[in-house]
Structures are given as C-alpha cells and as structure tokens.
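What follows is a set of structures to go through.
First subunit A sits with subunit B, and in the next complex the same chain sits with subunit C.
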Partner chain A sequence: MKTGFYPGCSMKGSAREYSESLLAVARELNRELPEVPDWNCCGATAAHNLDPDLALALPARILAAAEKDGMDEVLVPCAACYSRLKVTRHELLEDEQLRQRISGLVEADYRGSTEVLNILEWLSRVPELEKHVKKPFQRKVACYYGCLLVRPAGIVKFDRPEDPQTMDLLMRKLGAEPIDWAFKTECCGAGFSVSRTDLVAKLSGHILEDAVSRGAEAVIVACPMCHLNLDMRRPNIEKRAGKKISIPVIYITQALGLAMGLPAKKLGLQRHKVAVKISAANAAAKDI
Partner chain B sequence: MARIGVFICHCGENISATVDVKQVAAAAARIPGVAHSVEYKYMCSDPGQQLVKDAIREKGLTGVVVAACSPRMHEPTFRRACAETGLNPFLCEMANIREHCSWVHEKGDATTEKAIDIVRTLVAKVKKNKALQPIQVPVTKVALVIGGGIAGIQASLDIANAGHRVILVEREPSIGGHMSQLSETFPTLDCSQCILTPRMVEVAQHPNITLYSYAELESLDGFIGNFKARIRRKARSLDETLCTGCGLCTQKCPTRKIPGEFDAGLGLRPAIYVPFPQAVPNKPVIDREHCTYYRTGKCRLCEKICPTQAIRFDQLDEIVEVEVGAVVVATGFDIKHGDFFPEYGYGKYPDVIDGLQFERLASASGPTLGEIRRPSDGKVPETVVFVACAGSRDPAKGIEYCSKICCMYTAKHAMLYRHKVHGGKPYVFYMDIRAGGKMYEEFVRRAMEEDGVQYVRGRISRVFERDGKLVVKGADTLLGARPMEIEADLVVLATAAVAQPGAEELAQKLHVSYDAHRFFSEAHPKLRPVETNTAGIFLAGACQAPKDIPESVAQASGAAAKVAALFSRSELVREPLIAVVDRQPPPVYSSCVGCFLCQSACPYQAIEKEEIRGRDGQLIKTVARVNPGLCQGCGTCVAFCRTKSIDIQGFSHEQVHAEVLALLNRGERDA
Partner chain C sequence: MRSDPHVHAAGAALADLVLKKTGVDVARCYQCGKCSAGCPLAAEMDFPPSQIMHLLQLRDLPGFAEMALRSHTIWLCLTCEICFCRCPMELDIPKVMDALRHEALARGMVHPKAKDILAFHRAFLDSVRVTGRLFEMGQVVDYKLRSGHFLQDMLQAPWMFWVGKLHLLPERVRDRRALKRIFARTRRAGEKRP
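On to the complex of A and B.
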C-alpha cells in the first residue's frame, strides 16, 4: 500500500507547521509520505467559482500524477484541498464522458484507482495509536471539524455530517477529554478571511467563545483555513468581542506530536500567532 | 386441429403508440393453427369482448389469445367472456404486450417483432391448454386481527358486528395503541381517551371477539379461507381468571422506578403494572426483566398480598393454535427514536422531546397530570420550539417520505401549549404546511391567527444547550433566509413516523410484501388499498403508511368489509393452477417412484403419501399426492421431481416447452 502526500499551497506557506508536525509524526510512526510528483494547485475556492472545467481539471491532474506514480491513496491534510480532490474523483467516476473530456484537457488519464484520504482517516488507521502516546494530553479540548471534512456527506461519506466523532475519538486516544459543544461543524468564515474579515471575526468568535465557555483549553483543528481564521484573525476576533481570548488553536498532528513526546519546535508550535501555552501534561508546567 | 383466435388490443395508445398492432395481427394470422386474428382499440370494452365471443361462436375457436395488458389486469375479464360462450375459461390466455413490451421499449420494428414473438409463444401454449375445473374450498368464518390499536379495534368491531368471530391479538398488555397515549385529537380537540375507551370496552365485552393481549403471532400457514395461526401468549405471571384487577399488587410493588412505555419514558411505573387506568384487559403483567423476584430470587410481595392468589411466578408462555379464514394486519407505526438527530440533541438533552412525549405531558393521565412541565426540572417552559419534519422528507437521513401526521399534531401541540400556558411563546419551524383534510387547514389557521403560534418557514440546523437554555439555530426562509436563534426551554421534535421494529419479521411470517421502509405493501396503490398480494390478508392503519386516526379507521372498516364479503360465502372458488402427480392405468399406475423429495421441498405442506392398492387390498406402490386445498401452485415440487412426475396445471412441462420451441423455431415456422 503506497500512500502519497499532497501538500497544496498552505502546507508550504501559512500552515508550514501543519506540514512539519505531520511529517514529524509520520517519521515517528514509520510511515513514508512521498509527495505527489509535480503537483499543482487544487484550484481551491477560486477555480470552482470561475470555471467548472478548471475546477475539475486541476485536481484531476494531481490525481492522475499520483495514480501514475503507483500511489494507492493520497493523504490530503488541507480540508479544502481534500474537498476538491474528493469531489473531483466522485464527479469523474460518476460520468465516463466527463472523465474522458477532463483527462483530455490535462493530457493525463485518471482511472480512479487512487483514493483520497483526509488527515483524520489517515490517523484513524494507525493501529494501536495509544501505544505511541508517551505524554498523555490530559486537557479538555474542543474538536473543531469545520465544514469541508464531513461535507458534502453524500460524496465524502466520512463520519456523521452533523455530529462527527472521529477527531473526538482520536483525541481521547491521546489522553485528552473532548468537550461536548455545539460548534464543531459551524462555519469559521473560511475564504472571506480577506474580503470580509468582519464576518470572520464574528463567526470564528462565536466558535472560540463557545469552546472557552465550556472549559476547553485548546481548540483542535484539521484545516489550515480554520486555523488561519481562529488563530491569525484573533486580533480582529478580540476587537469585536471586546475581550481577550487566549485559547490556543493547534493542529491534530501537533497534539499527537506533543503526546508522542516530540519537541515543540519540531512541531512548529512557535509559529502560531496565539501563543501555545499548553503541552502534553508532563510538560505543562513550563511554557513552550 | 386447433382453431385459435388472436385478439390484439391497442389499449388506447398504450400499446399502439409503440407497437404496430396491424402488423402483429397480420403476423399472428400466419401462425399455423390461428383461425382468426383481429386488432381493436379497447379489447376490454363491451364491444371488444363481444368481438371475442362472436368469433368463438362463428369460427368455432378451440382457444383464445388476447394480446393486451398483464393477466393481473384483465385475464378474469376475458376468461369470463369465453365461459359465457361455453368455451372453458382456461383455454383463454393473455399475451402481455403492454407491461412486457410497449411500456418498456421505444417505438420501432424491434418492439413490434417482440410483440409478435410474445403472441407466438402464447399461441403455442394455448394449443396445449386443457380444460380445467375450478377448485372449491371451504371458508373458516373466523378473522384474525393482529394489532389492537384504533385500526385493529375498528376492524375487529366491524367484523364482529357483521356476525363473525374475531380473534384479536395485541403485543402489549393492553389494547389501545398509540391513540390511547394521545392527549387531544385534531382538528376538534376532543380528548383521545374519551373517544377511544368506549371502543376498547366494546371489544372486551363483545361476544364475538376473543382478545389475546400480551400475545404475538408465532406463525401463519395455509391460505385464504383456511389459515392456521399459532399465537404465543406471553406469560403475564398471573392467572387472568382469578385476577380481579384490584390493583393492590401494583400499589405495593417495591420496584417502582422503571421508565413507563405508556408515558413514552417520561413517567415511572412499578415492575408489576397495568399500563394505564383504562387498560383493556385491566389485568397487570409482571415485567420479568425488572422484577426483584426474577432478578434476585427474593420478594414475592405481590403474591403475598394478592387477595385472590392470582400471581403465578412459574407461568410459561402458551402457544394457542387457531383456524381462521382471513387476517387483518393492523400493527401500526412507531416514531424515530435514538441517535438519529445528533444535531438536535435528541436523546442528549432531557428537554428535547418527541411528539409522543409531548402528548403525555399534555395528557391529564400523563406524568404531569396535564400540566406542561419540562422533563429536566419540572419548570413550566416559557418558550417552546416545535420542529416539524424532524427526519421526514430528508433524503440525507434516508427518509424521503412525508410522515403526514406531523403538520397537524404540531399545530395541535402548539395550540394546547398556548391554552395551558397563557403567556407562553410557541414557535413552529416547518418546510410546508400539509393540512389536506376536512377542517384541517382551518385548524392550522386557528393556531396561527387565534392562538398566536409563531410559524417560521425554515429548518433548524442545530439545538444546543447554553446557560440552562436550549439554543435553537435556524433560518427564516421567508425573510431572506435570515439566520435565527431562539432560546427555548423545551424543544419538541415531530420525529418521522416509521414502521414498527418487528414489521419485517411479521411480513415474512405472513408472506406479505413490504416496501423499502418496511411498511406493508397494498395489492394496488389506488384500487386495492386494503388488500395485500396474499389473498385473504388485509391491511388497516399505519402499518401500511403513516396515517391519522380518521384514515386508519376508514381503512379498518374497509378491511372489515372485505373480510365480511369473504365470509359471506361458505365455499371459495380457487383457480385450479396447482400441482398434480402423474396417474396412469395399470400396470404403471404412476411414474412417481415415491422418493418424496417433493414433500420436503413443499413450503405449504401440501404433499401427502398415497398408497395404491390392488383389488385384493395388496399394496402396489406408495406415491405422492397433492392436496388441492393446500397447494399454491408455486412449482417448487415440479423442479425437485426426479422423474418429471409432477406438473402444474396450466403451466405444464408440455406447455412451457411449446412456448420455448415457438421462440426458437420462429423462422422456420413462418416461412
């Protein structure tokens, strides 16, 4: 079973720490994650707003490259990239004519043998993950899934769309206590981060406030866009809320890395805008 | 020499739009043995039938093929027409060129060719048809009604009042069903129990009705007019003939904190209990799962205090065998429970309840004696959000259908809440209001306009708890999809109406078909709504599809009328399309070798052993014999028989072989 890795733009830029922590964890778990050769942009929000063909062609080229390289599956940690690749795979396999046309456009044939995985699926498959935990993450956490990991339910066919559990189960394995809260799949504002920062401040603010009021000590995410809105937009959120909100937002891979006892630096925790004054329990005393 | 008549129907243009009927008639005329071939616009009409009858008389036909619709539609019509002329009706066959051809293919030569092929096979078959005589079977004039809700009660009373005996089987300790749990009924707001309990009492007192409560159907064998039912009477743990229903035991039972089924889990009951005060029969039952004696071996308090010594701890389930002529299935519905709506917090927050639970809160016999108090802390809720279509009409949840009753009962709930809590604020989130029914629309209007219920068109996305309130997030789609947040004290979900949990198993016991949602299927969605595809088994109420009370009652009376019609004759006439075992003159007697493989294969226990004896009484051989009363003509034995000694009348080896040959040899024959 060969598992490829599609980083997409954010893992190389604003979400470097997501990539760093993922690769650090993968090394520790003895899992190879070769990048999809000669990968390109997934099209993100822009392509499918402008040109339906382009929106399918870009991910189709990535999938074809992975397939040609003999990858049985591609791990796509960014939830937006995951959605684009997963939707494209679905559409192409539903409609043979479309598949042939798009394959013609990108001059590469995707036959559908390569599957698309999100980070939670990939982590859930690690057998006996608990055994790798050296420093149990004994904290109350708010598992935040956002919109694209579980939707559209009919296409991703992953977890329960209204009340997903996979991340909660994973965090429990790491020794954390996931809170029961109402915002795990609410919108963070997503791509409006630049054009309507006020909206993002409101929506992301609601998410953080609910997590804090229910006693969470960290928000766990699996999407660079969510992270950007909840972390980098914190000044806007705080300004709107009129109060300081200091809850850190960390990637599931970082949480796993901490629980495995990896050093904070290797996991890129210093890159966050909101200081991560949290670690797995044993290191709790000192700030990172 | 065969003289076959072929009659091709246009069926308006159902057939003629895709099949060239003139060409079919011309081709049929060329088939050897066909003496007459015509086409006509409506063969089933009076003039159409007359064409058939005239041709039989004038041309001396020995067989008839009507190429038209499915035999399920008009085979009886044409067989009767043939019989009127003196031709044995079993010498008439239908060639189905509508469902099997014109409806499923495009217009074209190939479609016409197929229609000709179908006619050709039936002509070949009918040449081998033999005159058959119908079978007479006696009718047991006793009806079995399964389910003692309002539908089962109504059906039982109607059949009993027509003068026939009824055996009513109810799974729960009392009859009454869901209707007995309801507070008031729409659109009149009359009390459900007040109109139901007289009917329940009538059932108990009716000389023609035998009630088996706390009992379930174990198995059903046989066929229309002659069913054999085995009923499991579950052990009540008391002697019903001694119990006076005084209720001492239920008052003294020390195990009292069991969530009661009748109160939809909101109230508590003891381990020995009567579900509700008006229960019929008013005899308690011991819940062995919770009873201290069955769990620990100690207690037996009820036994000690029972004034008539009626308690029987060692009582066993009892199997009762009854013979019945007809069955009415009235097993009702359930509502969706459990972890189905994680986004609404149903099952997680005590104050998110379902419609049945609200009925119990509003009912004078309920856990709050009719005061609307929320389950968590008994507080009177100031704001209540009612959610229609919780699960219904939601393909993503796997329930595409409309549950039909929710629009009306939600309006009733909101109204009752306003009547009981004057300052209360009720909101109803809805997709569409479906209030088709006499005085229904007016009722909903009254809720909106006179009782001040705030109707919001839109769905809710989530219910969560914050600071002791239930926050309901939704959208008002009539006000530009404006997102809404309501802080409610109580949320009532009109959860989807679904089939009873045991519906599939019961359908298999009865050999009736059911749909993808496990509701039982009627024989025809429009024209045979109370019959199933199994003769003698009828449907009533919400086991067929979600229904309200008036509809359930109407269907129950319809089913009862069907049973009464069946019981109006002392003998039934059955088609003779059954298996027969070969019989020949001596010295062979029969090609059957007596292996009796057929006996083990027969699903209807219709095969018996017959001893053939000589004049001196000496046993010559033992062979199989088919009981014509029990055989259903399924043909399983035919497939099993190693010596081809069993045949189905009307579908013999010879006939089927002729049909296949007609297809294989079509080129040569027509040439």
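On to the complex of A and C.
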C-alpha cells in the first residue's frame, strides 16, 4: 500500500507548521509520505468560483500524477484541498464523458484507482495510537472540523456532517477532554480572509467565543484555512469582539506531536500569532 | 408585463439552465427556509438562499430570475454546504450558487459589491497560472493592485516573514508549460482580465 502526500500551497507557506508537525509525527510513527510528483495548486475557491472546467482540471492533474506514480491513496491534510480533490474524484467517476473531456484538458488520464484521504482518516488508522503518547494532552479542547471535511456528506462520506466525532476520539486517545459545543462544523469564513476580513472576524469570532465560554483551553483544527482565520486573524477578531481572546489554535498534528513528547519548535508552535502557552500534560510551561 | 415574451423567456431559460447544469429543479423547493436559517452569511446577503430559490421559481414573471444573477448573495456564498445538508428536499443549493456565479460572469452581471472578492480570486488564479502553485506574496501584491486596498495588512506581511510563513520566491511546478496549456484550454469569461 503506497500512501502519497499532497501538501498543497499553504502548507509550503503560511501553514508550514502544519507540514512540519505532520512530517515530524510521521517520522515518529515510521510512516513514509512521498510527495505527489510535480504537484500543482488545486485551484481552491478561486477556480471553483470562476471557472468550472479549471476547478476540475487542476485537481485532475494532481490525481493523475499520483495514480501514475502508483499511489494507492493520497493524504491531503488541508481540508480545502481535500475537498477539491475529493469532489473532483467523485464527479469524474460519476460521469465518464466528463472524465474523458477533463483528461483531454490535462493531458493525463485519471482512472480512479487512487483514493483521497483526509488527515483524520489517516491518523485514525494508526494502530494503538495511545501507545505513542508520552505526555498526555490533559486539556479541555474544542475540536473544530469546519465545513469541508464533513460536507457534502454524500461525496466525502466521512463522519457525521454536523456532529462529527473522529477528531474528538483522536484527542481522547491523546489524553484530552473534548468539549461538547455548538460550532464544530460552522464556517470560519474560509477564503474571505483577505477580501472580506470583516466577515471572517465575525464568523471566526463566534466560533472562538463559544469554545471559550464552554471552558476549552485550546481549539484543535485540521485545516490551514481555519487556522489562518482563527489564529492569524485574531487581531481582527478581537477588535470586532471588543475584547481579548487568548485561546490558542493548534493543529491536530501539533497536539499529537506534543503528546508524543516532541519539542514545540519541531512542531512549529513558535510560528503562531496567538502564543501557545499550554503544553501536553501538566509539564512546565518551559516546554513551549 | 406577463405578455412580454422576451423577459418571460429569459426567466424560464435561467431556471432551465440551472436544471441542466446542476440537476436541481428549483420547483421542488417548498420554501421551508431551513437553508436560510442555517446559512452563516444570510444576514449579509441581499437575498438569503431560500429567496434565491424563490426568485428562480418566479420564472414566468419578468425580471425576477435575473435578480438572482445580479445578487450579492451568489458572491458571498462560501460553499459551506450547510444549506444542502439541511434541505429536506435535498436540493444542492451551493451548486445552484455555482451555476449562477458562472452565468453572472459570462453575462457581465456581477454585483458591484463583489469587486474585492472577484479581485482576490483573479489574483489567486494569476499566480497559479504563472508558477503552477500559489505564490502568496505575489498574490497579495496582485490583489492590492486590483482592489486598490494598498494599506490593508501592511503589518501582517513583516510578521509573516519574521516567523517564516512568507517566502520571497515562489514555489514552482517543473512542467509549467503543461499548466499554461490547461489554463489556455479552460479559459473562460471569469478568468479573463476585467
């Protein structure tokens, strides 16, 4: 079984700590993650909004490259890229005519043998994850899934679309206490981070306020876009809310890394806008 | 007014186009409002999703369907998929929004307030066309030029650079020609320069 890795653009740039922590954790777990050869951008919301053919062609080229390389599946940790690849795979396999037309556009044939995997699926498959935990993550956490990991349910076919549990179960294995809350799958404002920062401040603000009011000490995420909005847009969120909101936002791979006892720096925690002052276990704060 | 054959045909054509492109028959919507109740941006929209569906249902009255095309809503929709998830008739509303956006672009009917959103998307695709991957720094500059918001996020960039999130040089795909060909083949109204 060959599992490839599609980092996508943000994991190479503004979300590099997601990639750093994933690769650090994969090394610890003895998992190889070769990148999809010469991968391109998935087109994200821009292609999706402006050009339906491009929105299928860009992910199709990625899937075809992975397939050609003999990858049985591709891990796509960015939830937004995951959605684009998963939806494209679905549409192409549903409609043979469309598949042939898009194959022609990208000069490569994707036949559908390569599956698309999100980070929670990949982590859930690690047998006896608990055994790798050296410093239990003894914190109350708000597991935030966002939209694209769980919807549209008929296509992603992953967990419940409005009250998913996979991340909660994972965090429990790490020793954390996931809270029950109302904004698990509410939208953070997604691709409006730059063009409509005001709306991101509002939507992301509601998410953080609910997490805080229910006693969470950290928000756990599995998407660079969610992280960007909840962490880097914190000044905008605080300005709109008229108060300080200091809850940190941590990638699931960073939480796992901390629980495995990996140093914070290796997990890229120093790159966050909102300081991560909590650590796994009740270890001293100097860990971070 | 009802007898105006031209306008009448335009409304009907739009509902039919939506059906053809998305498989969604807007007539099946019974206006329960669940989509609008769950939509995170309903309050910002000129027409919440259920009203967009209603406008399309008014296919036989002149001008209404076109209001959906000219709406701010279709540009605000984040494709969060909550509406589709909750619709008792299982109508794929986000797909309807997609179809309306593409049609609005093709007909040059984009809502004036959607200018920044569109500028951002275009700057994004420009970057991908040239390098095959998103070059965040290049995109931000491109967006500033297109939107005229020169001062926005001025303080964010040095911080991002400092913590190692912003690169001065783009990541590139090796086979950039293949990417250019894909863009050339798929080029459509929306992708062209404004």
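Worth a mention:
The working rule: the second predicted complex is superposed on the first by the 284 of 288 C-alpha atoms of A that agree within 3 Å, B and C clash if a C-alpha of one lies under 4 Å from a C-alpha of the other, contacts with A are read in each partner's own complex, and residues count from 1 in each chain.
Keep in mind that, in the parts below, a residue touches a chain if its C-beta (ideal position, glycine included) is under 8 Å from a C-beta of that chain, and two chains touch if they have at least 3 such contacts.
Worth saying up front: this structure is predicted, and the values here are computed from it rather than measured.
Of the two partner chains, neither subunit B nor subunit C is touched by A:274. Looking at the shared chain after the overlay, A:153 reaches both subunit B and subunit C. By the touch criterion defined above, A:182 reaches subunit B but does not reach subunit C. Once the two complexes are laid over each other on the shared chain, residue contacts for A:162 go to subunit B and to subunit C alike.
With both complexes placed on chain A, subunit A has more residues touched by C than by the other of subunit B and subunit C.
By the touch criterion defined above, A:14 reaches subunit C but does not reach subunit B.
The residues of subunit A shared by its contacts with subunit B and with subunit C are 153, 161-162, 186. Residue ranges of subunit B in contact with subunit A, taken from their complex: 341-343, 348, 396, 462, 464-466, 471. For subunit C in complex with subunit A, the touching residues are 40-41, 44, 75-76, 78-82, 84-85, 92, 94, 98, 101-102, 105, 116-117, 119-122, 124-125, 128, 132-134, 136, 140, 143, 147, 152-153, 156, 159-160, 163-167, 171, 173-175, 178-179, 181-183, 185-188, 190-191.
The part of subunit A that touches subunit B in the complex is made up of residues 153-154, 160-163, 180-182, 186, 210, 213. Remark: subunit A residues 9-10, 12-16, 38-41, 43-54, 57-58, 61, 105-107, 147-148, 151-153, 161-162, 185-187, 189-192, 194-197, 199, 203, 232, 270-271, 273 touch subunit C in the complex.
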